[in-house]
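Labels run A, B, C and D following the written order; every chain starts at residue 1.
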Amino acid sequence: MATLSIAEALREAIREEMRRDERVFCLGEDIDIEGGFGGAFTVTLGLSKEFGHERILDTPISEIMIAGAAVGAAMTGMIPIADVQYGDFLFCMMDQLANNAAKMTYMSGGTVKVPMVMRAPVGATTRGAQHAQSLEGFFTHIPGLKIICPSTAYDAKGLLKTAIRDNNPVVVFEHKLLYGSKGNRAEKAALSPVGEVPDEEYLIPFGEGVIRREGKDITIVANLLMVYRAMEAADILEKEGISVEVIDPRTLVPFDYELVIHSIRKTSRLMIVEEDTKRNGWGAEVAAQIAEDALYYLDAPIVRVAGYDVPVPFAPVMENYVVPSASRIAEAARKLMKS
Amino acid sequence: MATLSIAEALREAIREEMRRDERVFCLGEDIDIEGGFGGAFTVTLGLSKEFGHERILDTPISEIMIAGAAVGAAMTGMIPIADVQYGDFLFCMMDQLANNAAKMTYMSGGTVKVPMVMRAPVGATTRGAQHAQSLEGFFTHIPGLKIICPSTAYDAKGLLKTAIRDNNPVVVFEHKLLYGSKGNRAEKAALSPVGEVPDEEYLIPFGEGVIRREGKDITIVANLLMVYRAMEAADILEKEGISVEVIDPRTLVPFDYELVIHSIRKTSRLMIVEEDTKRNGWGAEVAAQIAEDALYYLDAPIVRVAGYDVPVPFAPVMENYVVPSASRIAEAARKLMKS
Amino acid sequence: MYEQLFLLRNYEDRIYYMFLEGIMPGTIHQSQGQEACAVGVLFDVRKEDYMTSTHRPAGHCLAKGVSLESMMCEMFAKANGCCKGKGGAMHTGDISVGAIPAVAITAGGMPVAIGAGLSCKMRKTDNVVICFFGDGASNEGAFHESMNAAAIWNLPVVFVCENNLYGASTHINQVIKIKDLAERAAAYGMPGYVADGNDVLAVNKAANEAIDRARKGKGPTLLELKTYRRCGHSRNDACGYRDKQEEKEWFEKDPVARCKNYILQQQLAAPVELEAIEKKVLQQIDDAVAFAKASPSPEPQDALLHVYA
Amino acid sequence: MYEQLFLLRNYEDRIYYMFLEGIMPGTIHQSQGQEACAVGVLFDVRKEDYMTSTHRPAGHCLAKGVSLESMMCEMFAKANGCCKGKGGAMHTGDISVGAIPAVAITAGGMPVAIGAGLSCKMRKTDNVVICFFGDGASNEGAFHESMNAAAIWNLPVVFVCENNLYGASTHINQVIKIKDLAERAAAYGMPGYVADGNDVLAVNKAANEAIDRARKGKGPTLLELKTYRRCGHSRNDACGYRDKQEEKEWFEKDPVARCKNYILQQQLAAPVELEAIEKKVLQQIDDAVAFAKASPSPEPQDALLHVYA
């Protein structure tokens, strides 16, 4: 057992897969320049020492090309892991991801495959509106992609390895405040979700959520940073006699509805917590799906606590207001218990 | 009263606004080359005769530039109406729309405004996956944009004029099969929703849906082409004794929840019909919102009939299967009545 | 070569007529008049070499070796089309012969070619990538990012710009200020050449030089082929935006007729031999049409397959 | 000019120290060492001229006339910042002095400059647009599409590429194959020039020529300014990727010191005069810091305002 941060766990996953399979390579801006950053959040730091600069490929600032090159390489026998420094820049490559990566297998009638991974950091960290977005809701809306969002080191390693071995384009959303709180590129407000990671190889299948905490009054489904905020809220609420079950879906596409439905059969109350803006965030789909398939298990409205529908403001007081906090979650839970 | 197709109604709206206000201009690819098409669907055909090629500006095939130029012109005193030939190409300009157009007002603390209109045709018309998408769900997810989707000539003219006068970026989704069925660029499967349009000037405020048909058993909320499919389904269902109320929200952001809630208080059953793919389509948000705010009015699950979660296939038999048809809507309605 | 030129021309003409008859679904973007580009460039490439194409892919695909039957079936939206009826005209391709399914987003296939080029290089093959695009596409950001990447990484990619003077209805001189698009190569430190795109031998020569460079690890080339569409941009386009004199001049340079005349003049083949070839090709097309018509349609629910590999 | 150079340098140094102290939120991208670019280019522009900027906008904004206080308040996330605390360092701007709020997406401000240029032209003003971007940005698709549009429409835009040799940690020679980025202008039929970006007078001269052309309706120019960051790319960057010898050589060409030496050598001003200026500027900065610290923070719920105009 090793104790790793999420950044380290991701790096180990990449390292192991690159050792295992020659076809795997990384590309992106500043991912491992000598003396540089190892990507915006150190995930690829030092990998070029072992694998050389051909397989850890530093690119120009050309997002269309990065994504398109990943698609082309994937279709022709390679397994690219592409990187954007901030998820917000995915918009610059949206055409390649939505129109090519996601559709090539389908448009070809299943004759080509696109085994690529797109890694993107999300989350608000007082950098202003263009370096802050949580973009899950855009990508869950694109058929042909798979979407994962690991919130622990164990999951990060196991899910990324599965992603690399998947024959389809997988978008990995990583949260800036969860990479780890050590190192000179760590974020001020970072949590430190270091975790035990087995020494033996393991893979985590997509579509299997986990219960982070058991409870009986309310089911909270939350991802990435919001898992931790929900856990905090659960602590607060427990003292007030409200028992919260926290589910981390871990992958958004595919999504583990079974686990959620199983939980609400017990709690009969559902809350979804996401950092992404509320209108058409991934939580909207979860709420809609439950309202369609499992409405009768519920005794109360389905509540979503999400980023307010505004761009992310710079000032920390405003940013903290926009991103769901433990107390906002707790407050919504109290209200939900009364309804 | 004039009887206009939607393409004509949109053209008249642009013409009137360009006459009224010098700041209004159009830009896009092939929008009015001499002897050309007038945009992919003739909306801007012939306008350069009256306004000249400076105000009806044919551009290179440079979507990033088109959207960015609209943002820049809007911030500096002009009112651009930008055009993409197919909505699918919005992905090429996504960064400018999501990161700049939608956020500039906010990031500047309200000191700049971005009065621009982005027009985009959507809908499947046997052209294959990259010329077929309905993209509403991506754009309703971006705070700072307004989203409209006119389904009649009257609405097209009135809403577009309002959009042009709005101080914010407005995305107009127009359906390829609704532009009109005349002219050599009309679509084979096109409907012909010509309509009466008053000679006097009128504007339609955003956020006001309309009831296209009254009913008492089920409320169907549908937009664009799906309004007509829902109406067809309602005809079928009426014969079976099921009375359907059809609501056309007309604008997705802002959305007229009041009208929907008013309707479900009567019908106690809600169905949402959209051509966009189901997972995280705009219907997901509507369902989620109703499940949060008005759950107690409902006697049954909230049902969504939407494009299946696949890229749009080329073969007409498959395309027709993917896009909701009147019979699929009717079938879902029957099932809903039983639940 | 003539056989291929003749095939491309007649395949597309036949499609056009069937389209007018209304027996073919979808839309079409044809390349009559540009056949020498596809044939000249691809004549000597290997099956293992890759190609990326555009919304106007029929000629490229035939010349790259996608089977006539499978393309015809795709046009008829049949289950045994090269894309199983899922792709349609604008996404024609067959990866088994190196034809990456065409990308209908203008210039959207160019970054894909970079990936294929990286792949050829990283896997230490000496295969190359042919990247087709149009004059209009050269104003897209994707063009710029792709050209630069190929240059700095010295990728085995041959960029083939078919300059047919128009992007849809827009004349190229209205949207660029330079004379030749080949000049843009200099901005990336890449060689750029112009060739007569209606002369299949000239195209073949220029292309083979570029391909040879790429194969030997000497990096990418931009090849601009001056050519012209005989047809409209897409269905129902009467080309009202084109100058009639310009059309006339270009129509006289028809690449298929030119090749035929050349062969006859140089006595490289006898008229009867060419006639025999033509007859064979027309028969192949007839057969393909018959085959496609008789082929089964996909089931509606097949739409749900192949979203994931 | 020296006053401005000195202001830019000391404003940013002061910000840096406060950042280290931990009293300033967010992140910073500073431009110490590049001051001559901002000052030289903007020295003679009008308030009515527009400017687009980047993730590294402080120098541009000060030189364009955004008030020191309002910028300092923005850095402190105060309600009276130039963006009301909503924008932050990377979105600094003030449209009332022509400084379009900065775009932090690399090259993302360039198409915006096209729009501003169109606007200046269509409204028949003779105002111009200064479009700042970096060497790294020149590999973005947005660069390409913007340059071409400006060229074909003959827009009054001056493209200013501050080539500081690095895009984040990546040396420019690793990502382009040509010598000067100014060469790229030729691909658009636009004039392109190189100037010494650490010599404020050389910058001013080159910029004024370009601005003059633009103002007279003679179209856009690409101006490449060779310069160097004295600071890291962003906070916490020790520049481990830079060659120490390279750093040394460039640090010797410091634009602020150089301007000062020039003034003294040419006896354009006496040392005491310069000292007085410096003292005044430092006092202004002190005052701005004090003012910003004393200014009110926004209310949390203010986050909900200004989504729409």
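Points worth noting:
Assume a residue touches a chain if its C-beta (ideal position, glycine included) is under 8 Å from a C-beta of that chain, and two chains touch if they have at least 3 such contacts.
Keep in mind it's a predicted model, so treat the numbers as computed, not measured.
Centroid analysis (C-alpha atoms only) places D farthest from subunit B. Look at where the CA atoms of subunit A average out and do the same for subunit C: the two points lie 40 Å apart. Inter-chain centre distance (subunit C to subunit D, centres taken as mean C-alpha positions): 45 Å.
Our note on geometry: subunit A versus subunit D, Cα centroid distance of 35 Å, whole angstroms.
Under the contact definition stated at the top, the residues of subunit B that touch 2 or more other chains are 59-60, 62-64, 88-89, 92, 95, 99, 106-107, 128-130, 143-144, 309-311, 313. Residues of subunit C in contact with at least two other chains: 83, 85-87, 91, 103, 105, 108, 139-142, 145, 148, 152, 174-176, 307. With chains as nodes and touching pairs as edges, the resulting graph is complete, every pair of chains being joined. Every residue of subunit D that touches subunit C in the complex is listed here, in rising order: 139-145, 148, 151-152, 174-178, 183-184, 186-190. Contact residues of subunit B toward subunit D in the complex are 25, 54-55, 57, 59-60, 62-65, 67-78, 80, 95-96, 99-100, 104-115, 143-144, 146, 167-168.
Residue ranges on subunit D touching subunit A, taken from their complex, read 25-27, 74, 77-78, 83, 85-91, 103-108, 136-137, 139-141, 167-170, 174-176, 236-237, 239-242, 297-304, 307.
Taken in their complex, subunit B has these residues touching subunit C: 29-30, 33-37, 58-64, 88-89, 92, 126-131, 184-185, 308-311, 313-322.
The part of subunit A that touches subunit B in the complex is made up of residues 88-89, 91-92, 94-95, 98-99, 102-103, 106-107, 128-130, 137-138, 140-141, 143-144, 253, 277, 279-285, 287-293, 295-296, 298, 300-304, 309-311, 313.
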